[in-house]
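One chain, subunit A, appears in both complexes that follow, with subunit B as partner in the first and subunit C in the second.
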Partner chain A sequence: MSDYSASPLLLQAEGLKLRFGGIIAADGIDLSLHEGEHLAIIGPNGAGKTTFLNICTGYLRPQGGSVRFENREITAQPPRQITRLGIARAFQIPQLFAEQTVLENMLLAVSVRERHWNPLRNLHAVPERREMEGLLELVGCSDVRDRVASELPEGKRKLADIAIALALKPRVLLMDEPTSGVASADKFDVMETLMNALRQAKVSSVFVEHDMEMVSRYATRVAVWAQGKIQTTGAPEVVLNDPDVVRNVIGG
Partner chain B sequence: MTPNFAVLALLDGIAYASLLFLVAVGLTLVFGVLGILNIAHGSLYAIGAYVAATLGQWLVANGYNPWLTFPALFAGATVVGIALGGMLERFLLQRIYKKDEVLQLLVTFAVFMILENLQRMIWGVQPYFMSTPLNLLGNISFLGINYTAYQVLFLPAAAIVVLFALRHFLRHTAIGAQILAVTEDREAATSIGINATRVYFMTFVIGACFAALGGALATPTTSLVTGMGANMIVLSFAVAATAGLGQIEGAAVSALMIGVARAFAVYLSPELEVIMPYLIMVLVLLVKPNGLFGKDTARKI
Partner chain C sequence: MSRKSLDAFPDHAVSATAAAEAPWPVRRRHREKYAMNKELLAFIIVAVLLAVVPFTFGTSTTFIAMSLAKGLAVLGILILLRAGQVSFGHAMYFAIGAYAAAFLSSAFRGIDMLLLIGAAILASGVAGAIVGIFVTRYRGIFFGMVNLAFSMVFYSILEKAFHITGGSDGMRIRRPTLLGMELKRAEFDIAIYYVILLFALLSVWLVWRYLRSPMGEALRAVKSNETRLEYVGLSAKSVLLGGYIASAVLCGIGGVFMGMVQGLATPEHAFWTRSSELVFIAALGGPAHVAGAFGGTVVFEAVRTYAAALLDDSWQLILGVTLIVIILWAPGGMVELFRRLTGLDRAKTLTPEAGR
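Now for the complex of A and B:
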C-alpha cells in the first residue's frame, strides 16, 4: 500500500469534540486526508462516524476543535460555502431530486456550480451539458440518463448520486456507506465503478463503511472510530488484522 | 334564466376567475415552496391595487398619454411586489421559517392587520376609481352580449400568460429547477451548493408580485375600498385549498370553477353569491381532503 503522507494535505480535523446529551460522538478526534487517499472510517454503530461527515460539511458545529480544508479554516461554515470550496457529499440514501431525470439532476448541480442565474436559460441548454454526459458515462449511468430519478434501481441511484457530487468538481468526496441498500451481488461492481470514477476525476474520499471486504479492497487507509476517539489508523491489511480491532469492531 | 344571462354570467365568471387566479397562484406558490400560508398576501393585493390606481390617476391628471396607464398597472405591481414583498421576506419571514406553523400564521396575520391600517392612513376610506384602461379597450360583442374587452380578453390573456410563463419557468429553467430542488429537500439542495435563502427570497417576491398584479389589474374593473384585501385573501385561499395547496395548474382550474359558479349565483340566487366559493371548497374537500389535484406526499409545486 503506497504512502500518501508526502502528498498535499486536503482535510485536517483537530481535536473535534461533540456530545449529544449523554452521548459522546467525538471526544478529541484528529483525522487527516491527503491528496489521492481513500480513507475508510470503521467502527461500531452509533459511534459518531456520520457525525464526522456532518461536521466536515458544516451541518453540525463541533463543541471544540477545528476542521481545515486546504489549510483554510472551515469549521461551522455554512454547508453551501463548504460545497463551493470543494467538499462534496454523498448520503447513505441518495439525495437525487426524485421527479427530475438523472441528466436534469446533473444539469441542476452544474448550473449551481457555474452560477447560471439567467432566469430565461433553459436547463438543457447549459454549456456544460457535454461535460455532464461525460460524467454519467464515467459512472456507467449513460443508459439511465433520461430516466426519472425515483425509478432507478438502487445501484444506479448510488452511482448517479456520485455523478452529481462529481458535477460540483470537488477535491474531496465524503460518502456514508456508499453501497448500502445495493443488492449484495452488485455491491462490488458498484463500488468498483465508483472508485474508478473517483480516481479518474482525481477526487480523494472519506467513506464510512461496515463491510470489511469493501474496506480492504478499496481503502488506502483505515481509521477505527470508537468511544468518540480514533483508536487506530493505518493501512487496511495492518488495521484489519489488529487483534484489538478484530475483537472490538469486526468480531462484534 | 335566458341564454343571454348565461353568457353574461359566464363572461363575468371568467373575468373574475382571471383575477382570482393571479392572486391565488402567488399564494399557492409561496405555500408550496416556503411552507408558509401568507395572510398578508391579501395586503399585497390591495396595496398593488392602490399604488396602480394612484399612478394611473396621476398620469391621467398630468395629461400623459392614457395608454401609459397599462404599463403603469404592471409597474405599480412590480414595485409593490419587490419592495414590500422583499422587505417582508427579508426582515420578517426569514426569522420564522423554522418556527411553529401557528406562529407563522399569526405573524402574517399581524402584518396583514398592520398593512390594512396603513392603507387607511395613506389612501383614506373613500373609494378609488381608475377605469382608464377599461375605457380605452372599449367593448366587444360576444354572442349578442356587449362586454368590456378589458375583462373578457385582457384579463384572461394576462392570467394565461402568467400560468404558462410560471410553468415554463419552474419546469424548464435552471433557476426553476433550483426552486423545485429546494422545495423537495432543502438540505440536499444546500449540499449541492444551492443558496436556499436566496431561493426563498426570490420565490416570495415572485408570489408577492402576482398578488400585487392581481390587485393592479383589478383596479380598472372595481372601486377600491378598505377591506378588499381581506375579501381577496379568503377567496384566494378557497381557490388554493380547492385545488390542493401548492398546485399551480390546479389553481387555474379551481379559480375558473369558483369564479364562474360565483357569477352564476349572482344571477340565479344572489343570496348565495357570498358563500358559493366556500360551498365549493367544502364539497371538494369532503370528497378529496387534499384538494382536487393535491397528492399526499408527491410534488409540492
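Now for the complex of A and C:
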C-alpha cells in the first residue's frame, strides 16, 4: 500500500458540523483526499456518510467547518458550480433523466461539459457520442443504451448513474454505494473495470461502501464514520482488522 | 462486460465493439431515418396544401391565417410543456406582440410589416426575459399562477391606461406596407397569409430542431430530474428561462399577426381566458409533437366557428366534451390519436426519436 500524503491535496474537509434536530450527522469531521487516492467511507446506517457527500457538493450547507477543493474554498457553493470544478457524483439513489434513454442521459451530460449549446444541432450528433458509448460499455450498460432510463432495473440504474458522472470527466468522483443493487455475479467485474479505468485516467474517488470485500480490494484508505466522527482512518488491511471497527461497524 | 473496454476511458472513444455490436442498432438508425423522412414529407405536403389555400379555398384564407397565428402561440406553450410547466398567463405576450405593432403603426404611418414583426419579437422577448427571471423560480401550480398574476396586472394596465392604450376599445393597427409596397385590402389579406405561413413553417422547423438539441433535451430534464441537472453542472432555472423566452417570443409573433389580420389590438388579447385557451389547445393537439400545436388550433377554431353557426353557444360544450375524452383516452392529444390510427406508435418503442 503506497502512501499518498505526498501527492497533491484535492479535497479537504475541515471541522464539518451538521445536525438535523437531535441527529448529529457530522460533529467536527476532518477528512482529505489526495490525488490518486480511492477513499472508502464505511459506517453504520444513518451515520452521516451521504450527508458528507451532500456537504462536499454544496447540496447541504454545514453549520460549521469548510470544504476546499484544490485549495479553493467551495463550502456551500451551488452543486452545479462544484460539478464544473471537477467533482462529479453518483448517488445512493440513482439520479437519471427519467424520460430519456441512457445514451441521451450521457449525451446531455457531455453537452454540458463541452458546452454544446447550438440549438439547431441534434443531441445525437454531438461529437462525443462514441466516447459516451465507450463509457456505457465500461460500466456494463451497453445493453440498455437505448432504453428509457425510467424502465431500467435497479442495478443498471446505479451503473448508468456512475456513467453520467464519468461523462463529466471529473478529477474527483464521489460514489455512494456504487454497486448496491447490481447483481452480485457482476458486482466485482464492474467495480474492477471501473477502478482500473479511474486509475488509468488519474481520477481520484471517494466511495461509501457497506461491502467490506469491496473496500479491501479497491480502497487505498478507509475512513470509519460513526456518531458524527471519523473513528479511525488508515489502510484497509489495518482498519478492517481493528477489533473496535469489527465490533462497531462490520460486526454490528 | 468486457475488460478491454477500459481503454475507452477517458479519451479514446470506444473500441470498435459498440459500432460492430448487434445488427439491431443499425436497423434502428435506419428506422429513425425512415421516420424522419416521413415526417419531412408530411411537413412538405402540409406546407404545399397551405400554400395553395388562397387559390382553392379563398374564403378560408383569413380563418387559416388566424389559426396559424394562434398556433404559433400554442407552439410556445408546447415548449413549456416539455419542461412540465403550464403557464396561465401567456396571452400577455400575445397582447404585447399586438400592442407593439399598434404603437408603432400609430406613431409611424406606412411602416413596414417586417418592422412591426421585428418590434413584436423584441418586445415579447425582452418582456419574457424580465418576467422569466421571476417566474422560473417556481414550478407546477405556482409557476402557472405567478404567470397568471403577471398577465392580469398587464391586462388591467391595458384597460386602465386608456389615454395611452385606448382602454378596453384597444388600438387600431393600420395596414402596414410590405417591403415598401402599399397594398389594398384584398392584396394585403393574401400577402399577410403568406408571411404568416412562412413564419409558421420556419418556427415549426426551428422549434423541432431546438427540442432535439441539448438545450431542448435539458428542458425535458427540468421535468424529470432537476437534481441531476444541477449535478451535471447546469442550472435548471436558466434552462427553463431559455425555453420561457422562446415561448414568449412565439406568443408575441402570434399576437402581432393576429393583430395585423384583425387590424386591432385589444386588452381582450391578454385576458386570462385567452391564456387558458392556449393551454387547452396544446392539450387538445398533444404536446408530444410540434404538429399538435397547429392541428389542435385548426380543430379548435373550426369547432368554435362552425358549431356556433349550427347551434348558439354549443362550442364550449363540444370542446369541453372533446377535452374530457382526450384526457381520459388519449392523454397525448390528437398527436397520440393520429399515431394510434396510423400505427406509428408501434415504432415509438423501437425508435427513441419517434416518441416526442
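The criterion applied here is as follows: the second predicted complex is superposed on the first by the 242 of 252 C-alpha atoms of A that agree within 3 Å, B and C clash if a C-alpha of one lies under 4 Å from a C-alpha of the other, contacts with A are read in each partner's own complex, and residues count from 1 in each chain.
We take it that a contact is a pair of C-beta atoms (placed from the backbone, for glycine too) under 8 Å apart; a residue touches a chain by one contact, two chains touch by 3 or more.
Quantities reported herein were computed from a predicted structural model and do not represent experimental measurements.
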{"item": "Room on subunit A for both subunit B and subunit C (clash or fit)", "value": "clash"}
{"item": "Which superposed partner A:Lys169 touches (first subunit B, second subunit C, both, neither)", "value": "second"}
{"item": "First (subunit B), second (subunit C), both or neither touched by A:Arg80", "value": "both"}
{"item": "Touching partner for A:Asn118 - first (subunit B), second (subunit C), both, neither", "value": "both"}
{"item": "First (subunit B), second (subunit C), both or neither touched by A:Glu133", "value": "second"}
{"item": "Chain touching more of subunit A, residue-wise (subunit B, subunit C)", "value": "C"}
{"item": "Which superposed partner A:Asn196 touches (first subunit B, second subunit C, both, neither)", "value": "second"}
{"item": "Common ground on subunit A, meaning residues reached by subunit C in one complex and by subunit B in the other", "value": "57, 79-80, 83-84, 88-89, 95, 97-100, 104, 107-109, 111-113, 116-124, 126, 164-165, 167-168"}
{"item": "Contacting residues of subunit A [partner subunit B, same complex]", "value": "57, 59, 79-80, 83-84, 88-89, 91, 95, 97-100, 104, 107-109, 111-113, 116-124, 126, 164-165, 167-168"}
{"item": "Complex contact set, residues of subunit C against subunit A", "value": "1-3, 5-6, 8-15, 17-19, 21, 25, 28, 206, 209-210, 212-218, 220-221, 223-225, 227-235, 352"}
{"item": "Touching residues (chain side subunit A, partner subunit C) in the complex", "value": "57, 78-81, 83-84, 88-89, 95-101, 104, 107-109, 111-113, 116-124, 126, 128, 130-131, 133-138, 140, 142, 145-146, 148, 150, 164-169, 186, 189-190, 192-193, 196-197, 200-201, 203"}
{"item": "Residues on subunit B engaged by subunit A in the complex (per definition of touch)", "value": "169, 172-178, 180-181, 184-185, 187-188, 190-196, 298-299"}
